[in-house]
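Down below are the structures I want you to see.
The same chain A turns up in both complexes below, where it pairs with chain B and then with chain C.
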Partner chain A sequence: MRLTVLLVAAWELLGRLLLDAHDANFVPMPSGVAVELFAVAGSGELWAALWRSALRVAVGGSVGAALGVLAGALGASGRAGAVLRAPLALLRPIPPIAWIPLTLLWFGVSELQQVVILAGATFHVVALGVGDAARRVPEGLVAAARNLGAGVGLTTEVRVRAALPGVLTAVREGFAVAWFVLVAAEFVSAAQGVGVLVLEGRDLLLPARTFVGMGALAAAGALTDWAVRGASGWLVRWT
Partner chain B sequence: MKRLAALGWPALGVVTLVLLWVGAALYMGKPHVLPGPWAVAETMFSMRGPLVVAAAKSLSRVGVGWLAAAAVALPAGWAMGAVPALDRELRALLSLLRPIPPFVWLPLLLLWVGIGEPSSWMVCFVAALFPILAHARQGVAETPVALAAAAENLGATGLHLWARVRVPAALPLTFTGLKAGWSLAWMSVVAAELVGADGGLGQLILDSRNLARPDLAMSGMAVLGAVAAVTGGLLGWAERRVAE
Partner chain C sequence: MIRLRSVNKAFAPAAGGPAVDALVGFDLEVGGGEIVAILGPSGSGKTTVLKLVAGFERADAGVVEVNGAPVTTISPQRVLVQQDSALFPWLNVEDNIGFGLRAQGRADGTAVGQWVRRLGLVGAERRYPKELSGGMRQRVALARALAVRPEVLLLDEPFGALDAISRDTMQDVLEEAWSITRPSVILVTHSVDEALRLADRVVVVSERPARVRATVEVPAGRPRDVAAMGELRRALREVIRGGDAMPGEGA
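And then the complex of A and B:
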């Protein structure tokens, strides 16, 4: 922590010493970033941007995660699983960001396009993680349950509970990827959002705004992770 | 026979996907919106020149950035793993910087450094830095204490201890970090090229949107996927060789 504070202070100091007012716009100092932060927060732009982006991540991420859990679970074992896994494995190496221009062609500049990209990105990450978690359930556990007289329903429940931590980790990773991809998607075509804030920094020649956007992004990502962890903790306790 | 059967099911899955694609393309009948596999294949062939050039460009950017990141992050990560004081100091700073998607630095870099390869290299550098660092640190930190102690008992010290015991023990996790860094750098370079960097597969795919050529987009995406898969496979192969 001390190092960070030191570096920020050094940044500020060097900035004040070496830059004149004109250059200070070009290479912002911490104080400049703080000023911009208050400006953007006060004008309401920051909140509107965060809300827009968060909504996209929430919807796209949830859809993708839900489908991913389904696909991961179905694809985990058996012949049907192998059939499902193959085409997914073929599509997976294509970075989700690469889908952006194609989806723009198909869906136009719209919220749907953003949500589709996010859902696709989350889907692959979650499907992979869930499949992994399902396969790693110790067979001994299932066998023990059967020995104690459990039927199909109960053994399935045993599997689900054993795989649950892995599934939740996969969902968390999915949302992290969603934020990553969101920024790229907004970069290419969105009118409002955190990514747009970052871009405005370049367009308006206000790098301080870019830093504000970065900070907002980091905070939003951390908040999402905290929320997902909280929800999964609640889920685990409840089941 | 069993081998054949094992291949059969995945093949069925892939064939199903292709059939669905063909069906959708024929049903829509709009090749400028959803081209069929034949159109994409034809484009991939006719555009093979630009595709290869673009792929090489993206690959070179990732390569430079990743190598630079490894050069910095490997020693730093290993040092952090071995020296807890260093780890504590740097941790806060790194956790602040890590969540920022690497290509977000691109607008700033373009402003400060200008258009050209260095900005892309830096984006890939930043992208690969954190995974390599984190895993290298973890690799050293999680080396069983007994192993290092035993080596020291047998007389290994300083550089010798490092080269012969600590680093090799940390290699599996280090390699995981290198692989993760590579794939993250790859994703970031594509994003950077979509946003402002010149040339490369990302820009090719973007241009295809402006030209309303989804077949070109799909060709670019297929090449992207293939290069990513191949390079990832190569890294995995290298990892297995080193493990011996």
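And then the complex of A and C:
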């Protein structure tokens, strides 16, 4: 935190020393960003943008995470795994933003299109992470459970609980990727959102607004991570 | 009670290639309430013996029986306790100990409480495995195994990861806990002293594929003073090092 404050102070100082009014518009100092932040927050644009983006991430991320958990769990099992692994491996190298043109054709410029992109991005990360977590469940634990008389149900519970820390880490990473991909998706086809704020800085010749958008993105991503980490910490408090 | 006769078991290596014999023509009998220690070099197949009796593995040939019935499945009547304790990390001490009872629909808080006391775990009931020392984890593993009152207890170097003092303490704990329900026990160990301290009989096996090289009755009551068994210790160590089978003893 101290380093951050120091860097911001240095940025402000250097800006005042080296930039004239014209240049300061294109390379805004922290004070300029703060002014724009208050303006965007005061007008309500910032909160509307954050709400819109957060909703997309929440819905898209949740759908992608749920499907990813299912695919990852199935992928770790014998027959289903053999079927799923090849298509997942083929799709993996394709970046989520490469799907934007197709989703625009299929769903048009719409909230659904945004959610589909985010769900797809989250799905892949979560599926891989969950599959890995499921395969890493120590067989000694499962063997001990069966040895003590556990049936299929309780043995499955043992597998799920043992894999849970890895599953939650995968979900956390999935939501982080969702925020990451959100910006590109909103650049291309959204009317409102933090990605739009970032883009407006260029369109309106207001780079300070871009910084406000980026800052909002960082804060929202950090808040999401904190929330998921907190929930994870409670769910796996035994780790 | 436990009978292995002419047992063969081989494993195919993960990397491919011909199967490797772990046991060839292996014989072992353990009577009801008897503690038999198996001593031998690492990788000789001792753990395979335990897994066959537990039902985790099937013999390629020969007989593996408990109380006259062939071992075909895993059962809480034949519980294996591993060196790494395999405690469920999301369950506290009490819940770990009670796991087997709950799994069999016989949840019993009183019984769990008794095993907590017997294994010196009072005050640690609500702790999670990550908060326990190695010795405490092994106490919980033993309590969990004994709580289901198995006929057979299989111990795979249960104290191998402990320091000498903890190991000593755990041997006392095991002997005391065993004396309550007196299951038949097969104890795999690298320690001659541990074998003499705990076992009624010590079986020395060869390098893989494991064959019985010597069987020794331990002629002492309980509790035992291993320091007073100098001759027997020396003789066992000699056999393990590859010396002749002890005079008058054999498979």
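To be clear about the criterion, the second predicted complex is superposed on the first by the 229 of 239 C-alpha atoms of A that agree within 3 Å, B and C clash if a C-alpha of one lies under 4 Å from a C-alpha of the other, contacts with A are read in each partner's own complex, and residues count from 1 in each chain.
Heads up, the rule we're going with is that a residue touches a chain if its C-beta (ideal position, glycine included) is under 8 Å from a C-beta of that chain, and two chains touch if they have at least 3 such contacts.
Just so you know, these numbers come straight off a predicted model, no measurement behind them.
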*Could you look at A:146 and tell me whether it touches chain B, chain C, both or neither (first, second, both, neither)?*
second
_Applying the document's definition of touch, where does A:222 land relative to chain B and chain C: first, second, both, or neither?_
first
*Quick one: name whichever of chain B and chain C touches more residues of chain A.*
B
*asked:* For A:154 in the superposed arrangement: first (chain B), second (chain C), both or neither?
replied: second
*asked:* Is A:138 touching anything from chain B or chain C once the two structures are fitted on A? First, second, both or neither.
replied: second
*asked:* Looking at A:106 after the superposition, I want to know if it touches chain B, chain C, both of them or none. Which is it: first, second, both, neither?
replied: first
*Is there a shared patch on chain A that both chain B and chain C touch, and which residues make it up?*
none
*Using the touch definition up top, name the residues of chain A that touch chain B in the complex.*
1-4, 7, 26-27, 79, 82-87, 89-102, 104-106, 179-180, 183-184, 187-188, 195, 198-199, 201-202, 205, 207, 210, 213-214, 217-218, 221-222
*Considering the complex alone, what residue numbers of chain A touch chain C?*
138, 140-141, 143-151, 154, 158, 161-162, 164, 236, 238-239
*Which part of chain C faces chain A closely enough to touch in the complex?*
54, 56, 74-76, 78-80, 82, 84, 86, 88-91, 99-100, 103-104, 128-130, 144-145, 148
*Where on chain B does chain A make contact in their complex?*
6, 9-14, 16-17, 33-34, 89-90, 92-93, 96, 99-101, 103-104, 107-108, 110-112, 186-187, 190-191, 194-195, 201-202, 205-206, 208-209, 212, 214, 217-218, 220-222, 224-226, 228-229, 232
